[in-house]
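Each of the two complexes below includes subunit A, the first together with subunit B, the second together with subunit C.
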Partner chain A sequence: MISSFFKELFNRVNRGYWSYLIVIGHIVAGSFLVYTQPRSNLAFLVLMTSFMSLYFFTTSLRFKLIAAVILALVIIPIVGARNIFYLEVIFQISVFAALALGLNIVVGFAGLLDLGYVAFYAVGAYLWAFFGSQQFYMLHYAPGTAPAALPFFLPGDAFYMFLVVGVIIAGLTGILLGLPVLRLRGDYLAIVTLGFGEVIRVLANNLDKPLNFTNGPQGITPIQRPTMPDFAVDWFNSVFGGVVGHNVSAAVMYNLMFYMFALAVIIVIIFVTRRLDDSKIGRAWTAVREDETAAIAQGIPLVKMKLAAFAVGASFAGVMGVLLAASRTFISPESFSFMQSIGVLTMVILGGAGSIPGVILGAATVTILNLQVLQGFSLYLNELRQSDAVIPIINFAWKDLSNQLDPAKYQRLLFGLILVLMMIFRPAGLIPAARRKRKIDLEEN
Partner chain B sequence: MALLEINNMTKVFGGLKAISDVTFSLEKGRIVSIIGPNGAGKTTFFNTLTGIYKPDGGTIKFNGKSLVGLRPDQIAACGIARTFQNIRLFPDMTVIENILVGMHIHFKQSPIQTLFRLPGFKKEEAEAEKKAARLMQYVGLKRVENELAKNLPYGAQRRLEIARALAAEPLLLLLDEPAAGMNPQETEDIIRLFRHIKTDLGITILLIEHDMRVVMNISEDICVMDYGEKIAEGTPQQIRANTRVIEAYLGRGAVAGQHEEKMQ
Partner chain C sequence: MIRFLKRINVYELVRPVGQMVLFSLGSAAFMSAIAISLALALDGTAVGASLMDKYNVSLYTYTMLNLPQVIIDGLTIGFVYAAIALGYTMVYGVLEFINFAHSEIFAVGAFVGVELLIALDGMGILAGASLGMAYAYLILAIILGMMAAGGLAVAVERVAYRPLRGASRLVPLISAIGVSFLLQDVIRLVESLTSGQFNRIMPTFGNFDSRIVFGKIAMGTSKLTLGISVKSIIVIGSAVLMLVGLNYLVNATRVGKAIRAVAQDRPTASLMGINVNRIISLTFLVGGLLGGAAGVLYALKFTRIDPFVGFFPGLKAFTAAVLGGIGNMTGALLGGIVLGMLETFAGSYMGVFTMGAAGSEYKDIFAFSILILVLIFRPQGLMGKHVMQKA
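Up next is the complex of A and B:
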């Protein structure tokens, strides 16, 4: 009943100029709130949800594009430059959105449940970590024993080349893993990919001997960043300095740059995904997902199609891995745990497997829940704990609250809850995938 | 030369001979039925023929080419299309997409053409769409192109499955109990459709069917299976009179008398 009420309300306001006014109002209100209250999580949420009203309200395509460009390329960088915590959240959203879009091809389109997706992310990350750091010269030193002041193997600018190399190597890894595995169906495939994900992590953990490739559990650092064009910081400060209120440092500018990179990758992924989806390949993927036996009877080569899905998904994870290694300048096996795979899968399922806007929404929701809501709640509880506040009636002093009850530690609970609730109430996700409607001119007879 | 020539095909599951030593040949342009009691091995016969199961012995030659050892998709590409006993559509794809998937082996678009929407891609897609729409009309599906396959009524789903199979432009069409669950009117319509497919499109049809009205009405030849063996083959008249067939259906002792009802 409530949902029908909202639907009715939405349909009433989603008309003519009203929809434009609401979208503009939402963006302006969000920007204003974030600008005046740069520390408020709520204000940030208002701004982020303006992407949703932009998506849902009926406006012209040109308006949508312009508004999206202004939001993504002007407002968000300014907001991020004013508060680097927001920038971090936004960057993480973009990274996870890209990963979720990549996994969406494997899980959403081709229906292959991949529980080890971050393995490919790790491949990309370690690829650049190895070549973009001193690690190459540390091959013969056990972790921690290498002399200081070793040279870097490749210059930072090789990063740009490695964006492409990362795509290729991760894609090839996808094919290599896929070849023996993709003959399996459903549950079996899920189990094997789960194992593979762990294998890659354990390899990263242990490949510090006999030759020190990964520096073991300590991880690799420092990893080079590409050189930024000299004028970038000055240009940003001269254009946006006034609005931001202070001059940004090169470090913040780097974060902005990596956000832009992630955005570019997302756009490429969306482009490729949409075009593939509506073609022989995409239809074959969906057919395989829907019914393997029927698909193969139509002449669709199962293994080849699954390999293609695996390789495309993996290559997107690979490029994001390269980006992650460069942006963090530090990576360790910890970053590629099973939980990460589950996290990305949660985003896909929450948003709607097979649905591009859904998956992006899922990535944003889960990341914000993780980084802002849970942590915000943690902070609040901590404040209570440090105060003398007491819950009346049961006489419970907040300071007796166990540290174990720190909401920030409940990430897994959150993932679990999301998965369970979605499967029960909305198995197709927040924004379910829709099939394209075709108009066919055919003389009726 | 026959379109399909099967010699001594055998398929064993554990200790059970699902198909034993079946020899069968099918001339081009004919409509032939395979009948037999439940568990006779009819569907296994189809599945072995289309490569879902690997035969344990014997040879299969289709259009001059051996099918033994080929994958199901390769066999489909040789020109064999099929429908399934318990309809297997792609439920969450639209009707037209289902048919487009059926055309998979005929698409020539390269990934580059696909990514950049080059003219070759657009032309191919537009032509395929038109052809799919024509196929929809041909099997009698009206104005449902954007409907999800799972939302169609049962009879329409059967028709869609046939349209999908026809989309591959096969030489041989295998139909597994196409009239199952249909009312007399629908059954009559579908018999007419099969006749059209044979005469208009020149496609050879091999069907498994339990409904004797369909079998006797449409088949030029009938092949009878029981316990994995071919026990009889001939025209509908011959099969009607064949004592082994009557035994297989009604048991020994029934031969003497009352088989007329069942067979008509």
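Up next is the complex of A and C:
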């Protein structure tokens, strides 16, 4: 009843100029709130949800594009430059959105459950970490024993080349893993990919001997970034300095740049995904996903099609890995655990497997829950611990609450709950993938 | 009484014991032969020389000295894997679905059992207990762990899997992954709320840590000790008992016949008057009971447990189930023992044989390599061809 009320309300409002007014109003209100209250999480949420109203309200395509570009390329960078915590949140959302979109090709389109997706991310990250740091010259030193002043193997600008190399290497890894295992049924594939993810993590942890490739659990640092021209910082400060309120440093500018890179990757992924979906391959994927036996009967080369999905998904993870290594300047095996893989899967499932806007929404929701809600809850608990407050009825002093109880670390609980609840109540996700209506235009033929 | 004894199917009691002995001896002999021949082959090379430099012992002697302990350890962990693998394989046989949360059901069993023993220890009961009472408490802990794990398994099936029956294959699997993650953090939450940390150490009591030594054989300058720790005997003994019991339940009782019928053909079984939902619940219960007991035994063997303790044993047990042929109970037993042996041998000898380049740190991914190889070359598993009983 409530949902039908909202549907009715939405339909009433979503017509003519009203929808334009509401979208613009939402964006302006969000920007205004964040501008006046730079520390409020709620204001930030209002701004972020303006993407959703932009998506849901019926406006012209040109308006949508212009509004999205202004939001993503002007308003959000300014907000991020004013408060670097938001910048971190936005950057993580864009990284995870890209990863989730990549996994979406594998899980959502081809229907292959990949539980070790982060392994390809790790391949990309370690690729640039190895060549973009001093690690090449440390091959013969045990971790921690290398002399301090070693040269860098490649200049930082080789990063751009490695974006492409990362795509190729991760794609090849995907094919190599996929070749033997893609013949298996779906649930075996899940376990094997899980195993592969663990293999990559254990290798990263232990390949510090006999030759020191990965520097073991300590991880590789420093990793180079592409050079940032001085005039970029000056230009940003001269144009936006007034709005931001202070001059930004090169470090913040770097973060903005990597956010832009991630956005660019997202746009490429969306473009590729949509084109693939419209192609013969995309239709083959749908057929394989819905009914393997029927797909074989139609003459679809099963393994080849699955391999294509696997490789495309893997290569996007690879390029994001290169990006991550450069933006963080430090990577360690910790960042590529099984939990990360499940986190990305949670984003895909929450948003809706196979649905591009859904997956982006899922990535944003999970990241915000993770970074803002759970951590906010942690901070709140810590405040309670410092205070003398007591829970009234059971007479429990907050001071005595265990320090181990840190909600920020309970991501597994979050992921698990989302996965189970979505599977039971809304298996198609928050924004289900629309089944494409392929009309045959009789007049044209 | 005599009529009761007459009704016992002795064959179904003896057959699994025979299988276990055969599998254990066979895999032990096979792995030992490989280790010894590798040692002999590498003794003359740089590998043997480096060992000689370090410990002044030839590679062959080193291998032989460690062999009895390695075999016992392999068997112990192998039986634990087998007990967990049976939970996977039974559920798979009935529902064709990987119960991903089984590893957490194992962990819950371990925690409940260990918490009971910790509580008893806190009351000072364990310290003064006689040997007989110590065993009684251990058995109590195992039973409690079994009950908790069995109940949880049934509850999980009811809440998270049953509503999804009939959906596409990936849907219950994703739900199971969710349950697995959820349970890990719930255990952590409960444990850290009650005591401020989430690791638990099995209290030491009874004579479980002592070793029974049978004798010594002189080997060059050192002596080869033949012995077995009491712990290992308990783990192997209880696992054997449970496996025999399970085999009897499935192969020689009416309920077992119903389970086999449901596994073979669910709609037809339901037409024959079998309550399919009850049988599925029962399968989860039995799998959970075995998993819970395996959890307590695991805690007894490795002493320290944490909420994520189930992850690796669970995955390896699944590997064992696939190795033996998933859905096949004898296969799970064989797979568990073989995998336990392989892993222990690899963990103990790989470091020496490769001169420290790849040692026991690769033990955990060893199972996955086996899994991938099995799935490529023999996807139906070692015993998958002739499915004698599919339960």
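Note that in this section the second predicted complex is superposed on the first by the 438 of 445 C-alpha atoms of A that agree within 3 Å, B and C clash if a C-alpha of one lies under 4 Å from a C-alpha of the other, contacts with A are read in each partner's own complex, and residues count from 1 in each chain.
We adopt the following convention: a residue touches a chain if its C-beta (ideal position, glycine included) is under 8 Å from a C-beta of that chain, and two chains touch if they have at least 3 such contacts.
Only a predicted model underlies this, so the values are computations on that prediction, with no experimental measurement involved.
Contact with subunit B, but none with subunit C, is seen for A:Gly299 once the two complexes are overlaid on the shared chain.
Of the two partner chains, neither subunit B nor subunit C is touched by A:Lys7. In the superposed model, A:His246 lies in contact with neither subunit B nor subunit C.
Of the two partner chains, subunit B is the only one touched by A:Arg283; subunit C is not.
When both complexes are overlaid on chain A, the residue A:Gly111 reaches subunit C alone and has no touch with subunit B.
When the shared chain is aligned, subunit B comes close enough to touch A:Val272, but subunit C does not. More residues of subunit A lie in touch with C than with the remaining chain of the pair subunit B and subunit C. Within subunit A, not a single residue is touched by subunit B in the first complex and by subunit C in the second.
For subunit C in complex with subunit A, the touching residues are 97-98, 160, 163-164, 167, 169-175, 177-186, 188-189, 192-193, 195-198, 311, 315, 318, 322, 356-358, 361-362, 364-365, 367-369, 371-372, 375-376, 379.
Subunit B makes touch with subunit A in their complex at residues 50, 52, 71-74, 76-77, 81-82, 84, 88-94, 96-97, 100-102, 104-105, 107, 109, 111, 114-115, 117, 121, 125, 129-130, 133-134, 137, 145-146, 148, 164, 168.
Partner subunit C is touched in their complex by these residues of subunit A: 111, 113, 115, 180-181, 184-188, 190-192, 194-196, 198-199, 202-203, 205-206, 209-210, 338-339, 342, 345, 349, 402-405, 410, 412-413, 415-421, 423-424, 427.
Looking at the complex, you find that subunit A touches subunit B at residues 271-272, 275-276, 279-281, 283-284, 286-287, 290-291, 293-302, 435-438, 440, 442, 445.
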